[in-house]
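Mind having a look at this structure? Questions to follow.
To keep things simple, chains are lettered A, B, C and D as they appear, and every chain counts its residues starting from 1.
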């Protein structure tokens, strides 16, 4: 593989889930693709810098209309601003929206806090979250939902957030809640772990 | 493969999850195993008929002490007999016990009821369940927990049971509950289905 | 799970490819099966000891007619006795027969010789193989085909056999051959290892 | 997901082996990446058009020194020009080179010919191959190796090429060969298909 191609393959190799072999396939795919496809792709990548901003409230990526600083969701007057859901990343927000089960607003943490992390504040937007909460508190915030994944990292992030947000919750008088645990779609009782069964029993209705 | 072996392989082929190739491997494994292993195995299989009975209350398999008709769990006076959990099969009961989250008693349905099944009563112990409920009702039954898997078959079985048990619930005054739905251990928000997210939100705490 | 069942599950757990969970499923499957199925299965397992012998020549398992000591294949006068193929186990022989590409006779090694194995002769029927070769040499043996798998263990077994059979080959004047290497059905050039490509090139035709 | 992002995700969705979900992950990955990474990537993609040419002989992609029209391999005077290996694509050539088992030159077909394809000549560089063969014939070409994958498409491509190249082979007096078939590294005899076993037997040595 010529040097130019190797270099490009190395860039693709850093993409999530892409190993060296598939990275090289990408390069050969691009070589064989029409020039117009390569140009459209390169333009799309470069435009990200120009077009995409982060919403000043929820921190998610969006493509603003001229001068807008809020994403369509944060700018939507019909969303319930008394409830704030904290999620790890943009796709989590999109997935919750798909469920049509939530009418409040969101905050994107931008990452998780692994156990024993020395500089947790560099990994997530904690200061911005605290700022948003202080601001919303004046507008009648009643609940912050911590919607993290049920993985080890998700749970340690939840712990970290609870610690830091509890003083605010007491000061401003809102509730901190977490997503309900139980059986999820497709799960068989035979293969469920004890923790899930215990929660499914506790939350039975 | 000689006929005798082919015939034995066909029997193993009926075991759950065993295809023809693995069935033949079993036969060659047994051929190469010591004679004592084969004898112990055959004896163990034959003894099932003699030693194992089904509990007259919960219908699960157990190995009774002389004359006993109840399994140790149904015979245990410390179990809470006001709550009855209905599960599909023995391993489900074992798995719930492992969670140490339930102190009531159980009933093994013995199967599931697929949608549009013509003779659902042949697939599950419905009459025995109704009999047990009538019996327990006199002893203060307050709740029947339908603990089915969250699969298509599990859900249609739940529907079927609700239909048939609701008249009894009204007559005897007990509650019919189902396991709580929500995020289960290990689940990432990004990969959760809308139904699970909706339930996790509803059950948030 | 009652003790009797646990014990039976432990026996199934020793079957090839069967973990503890599936072993327990087997037990519950047998419990739910008709008594006649269990009896047929136990009888089939016990009959192995009575009915199955190993062929005195090729060492494979077979179910002999009264008094027979040779399996049908070794007894077949139309098989070419000048070529002897050495394979690891019975299923390998069956698979070669399916290819209809071999008309000679076989010898079942009964195992493989891992690298650095201290007592290789306890793992394979070396003495019996040497005896058969000495016997066949008088009847015009011209070739011994070592048909081992192309795995690490297969290759170290091939090495071991070559070392031990070369003196016999020189003494009796037969050839030792191995299976041809190259591309096998379904293989893509892109994913072939260098050794396979080298051999496929050497054997091109 | 904003429109700009959706559009970019759709482009990634066309990459080999990339589904819609991973395509969106790529976009979020790029959004979170430093601007310099995006710029380097876009530049690398655009440079493909400028820097990469196809070798006029073997048709593979390469990055030419000023004015060069042959790739380093075709320009290498130490390569044996009496043997020409025909492969499907660039990575196949790279893989054969890794095996260090071939010292001749190559030709990249640029695709395969599925069975019943109506316009096979639009899928592969047949005319260019015939031209190269005519040219090489004058320089002492003795063998053309058809090195296709052992898949259905690879085999039908081999058939197609044999049909079209046989007249040339007769006219110019070179041999058409194919890669040797047999056991490939890692293959177990038990799981080999009849065709592979038959070839491994035929090619035994």
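Assume a contact is a pair of C-beta atoms (placed from the backbone, for glycine too) under 8 Å apart; a residue touches a chain by one contact, two chains touch by 3 or more.
Since we're looking at a predicted model, the values are computed, not measured.
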item	value
Repeat of the C-D interface, chosen from B-C, A-B or A-D (over half of contact pairs identical by residue number)	A-B
Length of the line joining the C-alpha centres of chain A and chain C, rounded to whole Å	55
Cα-centroid distance, chain A relative to chain D, in whole angstrom	41
Where chain C touches two or more other chains at once, by residue number	89, 91
Topology of the chain contact graph, where touching chains are joined (line, ring, star, complete, other)	ring
Chain C-facing residues of chain B, complex	1-5, 7-8, 11, 14-17, 22, 24-31, 35, 37-49, 51-52, 61-63, 89-91, 94
Complex interface listing, chain A residues touching chain B	87-89, 91-92, 95-96, 98-102, 145, 147-151, 154, 177-205
